[in-house]
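The structures considered in this document are given below.
In the two complexes that follow, chain A is the common piece, with chain B as its partner first and chain C second.
Then we have the complex of A and B:
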């Protein structure tokens, strides 16, 4: 077991190093623009440009630049400085993290709360009108672009511009530590919108998985033993059927913690996603790179956690 | 043809597979027969066909409907303050900030969505299949390298990776020394870059299993070259998997293109695209709801049609799934 975990940890670290290399290529070598010109700002004098070039070590060979960058990231969590605001990228990321975590975790709670009962009911009443309505709704939810749903939700329900002013709209985010009540209210609409598409995916997945599980022999055995049907469904069916859902949840949370770009953009929530988007508008490559690296870190960690949990649950995985 | 009843006399000559109660039909015929029984999939197929037609014949359709072109500006549709007019007889979906007809632009927008969705997916699938075939067949360091690369690519969130590539290629004079210019080609690059990985991984797994089968031994024993075995023996067996993955990928690719356009790094702003139309509408959507609503509805209907069709294709290719 320890050997398996150690192997997975090593591979995770190697992955992050490779991601680092790829982002370096993507954001420092691919763009045709001159980083020094971007950092120095408009109409910089040749002397300033030369100084910036030296500061950024642009005169050194590419692999030395890369090594300096990796060393900074690994040893000091130093991701460089924003071209636009000159603030350290790590500080920018740290400031934006709480909003993104709140958005992602809250949405996950909402979509699980919606998808679990729908998935179970649909699987147990397959082909009933209830199932058809649920799956039709799920289909619409997974097909609608989240930013469009967000705009529609604001148009309908935002308390400033909405036709049915029910909930705080865009730009209303306040940090949890400032005012917990306002924080909760401001995130309600984003949570619902972000959770919509995921609820559709999870309901469909749980329905398929539970349908398959309920047709297996151990379920028939459980029924034959005379256990009540609700106990069969919950203890035998759902418990097994939930496995792929848990895997997906780990992966999705990893992705969302790296920034729910579109939702943050529509509701103007100051999270990692917005930071990355603004950085793209200003061609602020160190910040873009920082957000990409952080997002990749979350994805790698999420996969790691899922794999290790699996290895605990199922000994066969360890030797695969 | 009735299924489950022996129908040997009526069987078409030269059919390959023996399935469905003894009637000999090719796998393609079986697939089509199953798909045709799926009413939802048939409706979706009709919608997709209509959308493709509308995209191909956009200029004709727009003139038949008596609409101005997608770039024609109608100053009469804006009031003295430049506020655009909502839906009317002349402009059924209203006009945008420049007085351009929204219905006309929505029809033209289908071109970008379908082009990227279908061509982009096809390119990604071809690349994924090629790499997966080679890795699964030759194994060794090549396989290790590919697996590592797939792992790295999958560590990036799709949208962020796409945005990263698109922005690296959109600012300045394109990327890779001007080889990849901003616009359509950059979007295709993004779609292929994020799309090939899963296909390559799945195909590799299947090739690993297929290469141990008897028919491959038989082909090898009869002196077939690697190339001949890969293309003539292995590839046809991968077809169902490839079709399923393609049908799942098309709607996701359409959504990815729309999201990139929404975020301002998609195809060039002058080309009507549903994503960029929604983005243009965003600043004033509280008063000019029509400009936000209709491109979004078009996107929703298109993605839904492809999703339903994808579900149908999956069921038709794998009769063991129960829905």
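Then we have the complex of A and C:
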């Protein structure tokens, strides 16, 4: 197992290097704002612009910039400075990371808490009115755009502009370390909104997977042994049926940890997604590179964790 | 000092929260129709027919002392928030509260600069080559510097503006005539001297003292203590000055800082929030600004519709962005005393490339100008409350506007009808060699516009106008940074039409509106500010003469004539003089900076 993990980590590092190179190539090949001009301002003379470009090392060939960047990251964990705000990129990322982690993990807990019982109930009572209500609701939740649901949730429930002022609204995010109660309250609406669509997807997936699992021979055998139905469902059925859910969870969490942009935007949660979007708007390349690398790192790690978890969930899986 | 978040959060107890989440979840499941209904009552934009409601700019008087003003925005303040570097209205708004440049404008008078750090008006020598400024006594830096400001601090502040690590965009433009500035890269400039602690002298290579004296209102003239800032300014290649993250203040407010003076992470959290608190070193006896507020907090990254509603229905807030059309309509109809339309917020125009066909022909340019429906261009932005159809380039509130013809303009026929005049356009086409009044050339006209709403609609209207005259066009809509950085300001991109351009004055001098945008000397291979690439010898010569004038009225008259000359070329088509809408909560007494997009002047505004 350790050799497997080490091998995956090495591949992950290679992948990150590739992502880094691709980001460089894309930024410099595709049309975007000129970072030197954006920093120096519209009235800057050609001489000033040239000096700023030189100062930011934008006058060097792309491969030299790439090499300097990779060297800085690998040797010093130095992600550079934002062209836009002059702040160290690592400071910006560390500042945004807690909010993104809180949003993604909290929403995952909510959607799993909603989807798991619904998926199991729907699978066990297929074609019942309960199944139809649950799956119909899931379809609606999947179809509703997060941005729209977020705005409606605010207009309904936010304690400042809502018709039914129940929960803290946009711009109320407080770091956990400042005030745990306020932190929890500020994330309730975002968790619900972000979890809505995911809950629908996961419920449908679990329903399908469990339906198929419950018709397998080993389930029939378990029943024949006289094991209670609840134990058959939980210990034999769900344990196997949950495997594709874990796969999807790994991918989704990896992506969300790279930034849940729409939810962050609607609720003004200062996360990685928002940071990345602003960096693109301002052609702030060091920050773009930092956010992309972080998102890629999360996807790599999440997939690795998922593969390791397989071994514990499914006895048939073994890693050499 | 409370944080933004703690002010917003009302701190509900946990059991109550659980009950609320359950109730919210229940309502989510059972009230889908209500959800839709609740979101739907804002639809539609301001149609331009609502009456303009423009309360006075005010001076903040009448409010109480104390409290915290919260400013919510979607866009980040254009960083870095270093007085030596920044070049945007939002950042100027913040930095006038934390810094004391030599001069500043009163909130509601965009034409008269008053001494701030300076003790009196600048003295310009008769030959226009020397400008002398006396520095006020008793102005001190915030901790950890604490000492009194002296003249050499202003010298250092301006010198560092030439450093590429600071990256000031206008230092060369307005201070470039100072002796030694043309070779400056952040080190001492021979033409700026401080013979004593209270006197600052600028010596110029050319007699442009009149312009320099006006430019002293820009934040670059705010003092910086060299002995403290130097270690942050001296950075290696590939890095930028870190003084912004450790800056000290001279104004009534300062960025919140830790014990070492570091503001990054405390008062400045890029893309998230900015927090100002009272400057303990500020002495009201040295400043005529009342500084009613105890603090100001910016919250960045807000959804514009949500933030606008929070401002209109909440308290102690102001919207730092341009509100959406739906919000403007809502404010005008339901909260008319909470919206202010700041006049003189800039001009919008379309540039036609005069260096390449087809618009190297003046008659074709005039045909397009005649055909353009400027009222429609205004309507898609929100209607008459948001501005007046432009007839020339010096816009209302800028020195020289009246001399250039005021609202009526210089009287050129192709800008006479704001609804567009197709008959006149056809006559100009005929004069250009297309007798049937329709362009029949084979080339495709490249039109590059801004993809943001509502600028994309303006670009589409312009594109339609060109097509209606027979031009084949290719419309490209890209984000604003790309539009400028890769297309419109790069002559080799050979873009024929850029319809979404805007210009704002840097200070109250017509040269700041016309020179960079239309002087042949301003044409550059990159970051070109003269986007139509107008290179008219007569206009260039008139500008060269006008920039040497010292008397303000003489400058206004001379630049008004140049404005007329530019307008007559048709190289660019002015289509709107902006009024900037500003929303505030009902309990905010906002002293609008009419010189700066109508933002609340933080040192004058108050809470009721």
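Here is the rule we go by: the second predicted complex is superposed on the first by the 292 of 320 C-alpha atoms of A that agree within 3 Å, B and C clash if a C-alpha of one lies under 4 Å from a C-alpha of the other, contacts with A are read in each partner's own complex, and residues count from 1 in each chain.
Assume a contact is a pair of C-beta atoms (placed from the backbone, for glycine too) under 8 Å apart; a residue touches a chain by one contact, two chains touch by 3 or more.
In this text, all values refer to a predicted model and were calculated from it rather than measured experimentally.
S.K.: Contact-wise, after the overlay, does A:261 reach chain B, chain C, both or neither (first, second, both, neither)?
M.R.: first
S.K.: State whether A:203 touches chain B only (first), chain C only (second), both chains, or neither.
M.R.: A:203 sits against neither chain B nor chain C.
S.K.: Touching A:170 in the superposition: chain B (first), chain C (second), both, neither?
M.R.: In the superposed model, A:170 contacts chain C only, not chain B.
S.K.: Looking at the overlay, what does A:182 touch: chain B (first), chain C (second), both, or neither?
M.R.: After superposing on A, A:182 lies in contact with chain C but is clear of chain B.
S.K.: Touch test for A:291: chain B only (first), chain C only (second), both, or neither?
M.R.: first
S.K.: Scan A:152 for contacts with chain B and chain C and give back first, second, both or neither.
M.R.: both
S.K.: In the three-chain superposition, say which chain, chain B or chain C, touches more residues of chain A.
M.R.: C
S.K.: So in the superposed three-chain picture, is A:18 touching just chain B, just chain C, both, or none of them (first/second/both/neither)?
M.R.: first
S.K.: Just chain B (first), just chain C (second), both, or neither: which does A:283 touch?
M.R.: both
S.K.: State whether A:304 touches chain B only (first), chain C only (second), both chains, or neither.
M.R.: It touches nothing on chain B or chain C.
S.K.: Show me the chain A residues, by the header's touch rule, that chain B contacts in one structure and chain C contacts in the other.
M.R.: Common interface on chain A, chain B vs chain C: 31-33, 140, 148, 151-152, 154-155, 161, 265-266, 281, 283.
S.K.: Going by the contact rule at the top, pick out the chain C residues touching chain A in the complex.
M.R.: 3-6, 8-14, 17, 20-21, 23-25, 27-29, 31-32, 34-36, 38-39, 72, 76, 79-82, 87, 164-165, 167-173, 176, 185, 237-242, 244-245, 264-265, 268-273, 299, 301-303, 305-307, 309-310, 313-314, 478-479, 481-482, 484-487, 489, 506, 516, 524-527, 529
S.K.: In the complex of these two chains, what residues of chain A are touching chain B?
M.R.: Answer in residue numbers: 11, 15-16, 18-19, 22-23, 26-27, 30-33, 126, 139-140, 142-145, 147-148, 151-152, 154-155, 161, 208, 211-212, 215, 255, 258-259, 261-262, 265-266, 276-277, 280-281, 283, 288, 291-292, 295-296, 299-300, 303.
S.K.: In the complex formed with chain A, which residues of chain B make contact?
M.R.: Per the touch definition, chain B meets chain A at residues 148, 151-152, 154-161, 163-165, 167-169, 171-178, 251, 255, 258-259, 262-265, 275, 278, 281-282, 285-286, 289, 292-293, 296, 299-300, 303-304, 307-308, 321-323.
S.K.: Which residues of chain A touch chain C in their complex?
M.R.: Within the complex, chain A contacts chain C at residues 31-34, 37-49, 51-52, 54-57, 68, 80-87, 91-92, 95-96, 137, 140, 148, 151-157, 159-161, 163-164, 166-175, 178-179, 181-182, 184-186, 188-189, 192, 264-266, 268, 270, 274-275, 278, 281-283.
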